[in-house]
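Heads up, there are several structures right after this.
Each of the two complexes below includes subunit A, the first together with subunit B, the second together with subunit C.
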Partner chain A sequence: MTATPIPHLAGSGWIVARDPRLRVGAALAFALITVGLDHPGSTAAALGLALGLALAAGLKTRDLARRLLALEGFMLILVLTLPFTTPGASWFELGSLSASTAGRDLALMILLKANAVVLALMALVGTLEPVALGQALGRLGVPDKLTHLLLMTIRQIHLIHAEFVRLRQAMRARAFVPRTDRHTWRAYGWLMGMLLVRSLARAERLMDAMRCRGFRGRLYRLDTPHWQPGDTLAALGLMTLLGALAWLDHGLGLPGV
Partner chain B sequence: MTTPLIELQRVRFDYHDRTVLRELDFRLAPGDRVALIGSNGAGKTTLLHLLVGLKRPSAGRILAFGCERASERDFHQVRARVGLLFQDSDDQLFCPTVLEDVAFGPLNLGRSPEQARADALETLDHLGLADFAERITYRLSAGEKRLVALATVLAMRPEVLLLDEPTNGLDEATAERLIAHLDGMEQAMILVSHDWPFLARLATRAVRLVEGRLVDAILHSHAHAHRHSHPHPHSADELTGPHTSLEHRHPH
Partner chain C sequence: MAHIPEGVLTAPVLIGGGLASVGLLAVALRRLDYDHLPRAAVLSAALFVSSLISVPLGPTSVHLLLNGFMGLLLGWTAVPAILVALALQAAFFGFGGPLVLGVNTLNMALPALVCAWVLAPALGRVRPARRVWIGFAAGFLGVMLTGGLVAATLALSGEPFRPAAQVLLLTYPPLALVEGLVTATIVGFLQRVAPELLSTGARSHV
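Take a look at the complex of A and B:
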């Protein structure tokens, strides 16, 4: 009952010290600009920038690799299928299948963009404590209900996880060993059902306790914003870099380049 | 006779076609510290929840601070003045940090963030939890959670305290701290507990919930109100009353 079940990306350095609002905003701006890029050269530059951010955020290579691996599995399917499914000039033939150069370029762009955005998200937002993220969203004007939902979910995930661990321990204490048989599946079914019922009951008790303390649908925040000069500096720096990225992309599209 | 803070008149409560409380009358006067005892499932927690409007009676009237209370709106005022400590502190604590959780009630009462923060810190300090302010609530131990939950209730400066098994799961030192703190308070209280030494130390009178009704009970203090076990024969009828010695709860 000591650790949160949400794995937390440990970061360090100047990015982690920045205001959560800046980090959320920067991640959003980076994602929007990157998705809009048209040329492999500028997209590769965006990937380089994202990699730089990840390094600056002090992310461990192992953490990075593990999370990127989840993405690459999905990307692999894309890279394997897109050249064959996109119409265009032939790149190579494989039996009766024909791979197009357009499909190849498209797959490459998607691969670069997805990795760049995910890397930037990990560096900027992934290193935020979930609660800090919720509060930052609230302060950026995301509706109260949505931020409450996020904060409550984070709280409940922990409780549901703790409940799950307790129930599973109780099962193991009575010599339950998962096998591939009817008994196991039924036991797991009951475990999940019980988990849902208990979580609902707990949510109701939590709501009761909140009502007892005068809750009427509105959460008030205690924290005070602490935007620092360094945040302004970082915002300007990031804006310059993102502007350069867009400019580079535009320049690559000009005739004669 | 002083006007009661809270009064229940012929209250009935049904739960899934089982009558939990029937024709129940109860008065809580200022300064009263009532021990509410009864067997498991007798409806003690239900009774506390009725008092703050978390459950509504099937019949009967609830009066608090001189007015009849029936609607959710009526109970908003009641909840601001009556603090309920839940049986399971995990149900009560939901904010990330202790300070935010303790300040939650004061903020709901309309106090400014600065005032709420000051109230929260003062309450924590008063309970000897000053170092806990920035701790993460779900990483607290069971005893710490209970004390912090008490702080969340006290920060609203309630006039009445409803405590649902407050010493449950606390070690002796922590329980002692809790008792000492509660003993120093002047608020009226309803104490639900099976912990006889705790009740004997605090309660001014006792009521027992039997078959949906309240009957007066006697809370007598033994000369040997301590917690180690030694042979101490009790007759069967003696055991039906509240007792300050714990021996009969353990085999010996």
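Take a look at the complex of A and C:
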């Protein structure tokens, strides 16, 4: 359990100063190119590029490791099964099972791609304030109702999490220790029920307060984005790098290389 | 394990899932008016916070999905609420990614809608004491259907992925059981403390 519900990655430096719209777009472009790669060599280069971005964003290794670990459970199942289930030239034999080199490459590429995309996403988008992300998405053409919902949810998550911490502390004061038993599940069920009841009372108050301030079904975004020369430069630089990545991948596919 | 990482699925599966999610989202957003946004936001935030709680299960611990329960309470609004939660988890926790967001949303939102269509109307019909069972069914069904869909999307990505999908499928029943028990308790609690929540939930999206 972290102290804040949405952990904020403390980043620093040149990437963090870039326009939020550019960072969201860049993360998307990076994911598109990386997922489309066909060769382990170019995918490794993509992971290198993502690592470079993470370093440039000044992310701490500990934060990164924790986020990358989040996806390794799923990865473990794939990496352990894929070499044995993909047909192709034999890599090694394990009893009656035969692992193929094609399966090994497939598993390796999935591992590299997933980690590269998460790294780039953390460096470019994870370092944004959640509210800035919501506003950037709104400016990039995400429907108004959806950005409203996103922005309000982000705000409410903080408030409700504070309530949760209070309730959980009260349970701890009564010597509650979670275990695998009925008692724990019931206590947690009541905890979540209480969170819901209190937050709905909060929703009523929120709606009343918004009506008092003349809410007519629209919030106005108050951010004023500034597109700077550095942003154009960054966009061009990233486009060149991604283009090089795609070109490298294409080159690896040519016969005789 | 309900979040499929980036780079696993093939392009047709990603595009198909994305389009289906956009379709569901369009319907859900049209049905959602601005007046109900604060309520939807507060509920989705409460469920987001609840899903962060790690529930011990034997040697490990699990997080609840709560998508079945979301469907029960929110109806169609569960679709954008789930998308928002998944987008935040992708951006700030490293679960999933920007391109699989559509598939991941579909895998969690479809079971929520099934619960909204099948189980929510029953909330108004059964005797109040029996509502706990509907809660259990929503929790159990939400997780099992999500597990089935995750395995199916994986299997659709190619023959080599089938065994992994089967292994994954085996991990879901215990999760579904815990989720069912906790959801049943939540519903029982609401029944005693704020029964109007369950009855409005039963009426608002038929």
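Couple of notes before you dig in:
Just so we're on the same page, the second predicted complex is superposed on the first by the 238 of 257 C-alpha atoms of A that agree within 3 Å, B and C clash if a C-alpha of one lies under 4 Å from a C-alpha of the other, contacts with A are read in each partner's own complex, and residues count from 1 in each chain.
The rule is simple: contacts are C-beta pairs under 8 Å (C-beta built on N, C-alpha and C of every residue); 3 or more make two chains touch, one makes a residue touch a chain.
Here the structure is a predicted model, which means the values were calculated and not measured.
Judged by the touch definition given at the top, the superposed model places A:Gly214 against subunit B, while subunit C stays out of reach.
Of the two partner chains placed by superposition, A:Arg104 touches none, neither subunit B nor subunit C. By the touch criterion defined above, A:His39 reaches neither subunit B nor subunit C. Of the two partner chains placed by superposition, subunit B and subunit C are both touched by A:Arg202. In the superposition on chain A, contact of A:Met122 is made with subunit C only, not with subunit B.
Counting the residues of subunit A touched by each of subunit B and subunit C gives the higher count for C.
In the overlay built on the shared chain, the residue A:Arg139 is in contact with neither subunit B nor subunit C.
Shared-chain residue A:Val131: touches subunit B; no touch with subunit C. Within the superposed three-chain model, A:Thr85 lies in touch with subunit C and out of touch with subunit B [touch as defined at top]. 1, 152, 155, 159, 202, 206, 210 are the residues of subunit A that lie in the contact sets of both subunit B and subunit C, per the superposition on chain A. Chain contact summary for the complex, subunit C toward subunit A: residues 1, 3-8, 11, 14, 25, 29, 32-35, 37-46, 48-50, 52-58, 80-81, 83-85, 87-88, 90-95, 97-99, 159-164, 167-168, 178, 181-186, 188-190, 193-194, 197. The touching residues of subunit B, counted against subunit A in their complex, run 49, 52, 54, 76, 79-80, 83-84, 86, 88, 90-92, 94, 96, 99-100, 103-105, 107-109, 113, 116-117, 138-139, 152-153, 156. Within the complex formed with subunit C, the residues of subunit A that make contact are 1, 5-9, 27-28, 31-32, 34-36, 67-68, 70-71, 73-75, 77-78, 81-82, 84-87, 103, 106, 109-110, 112-114, 116-118, 121-122, 125-126, 128, 130, 133, 143, 145-146, 148-150, 152-157, 159-161, 164, 178-180, 182, 184-186, 188-197, 199-200, 202-203, 206-207, 210, 217-218.
On the side of subunit A, the complex with subunit B involves touching residues 1-2, 4, 129, 131, 151-152, 155, 158-159, 202, 205-206, 208-216, 220-222, 224.
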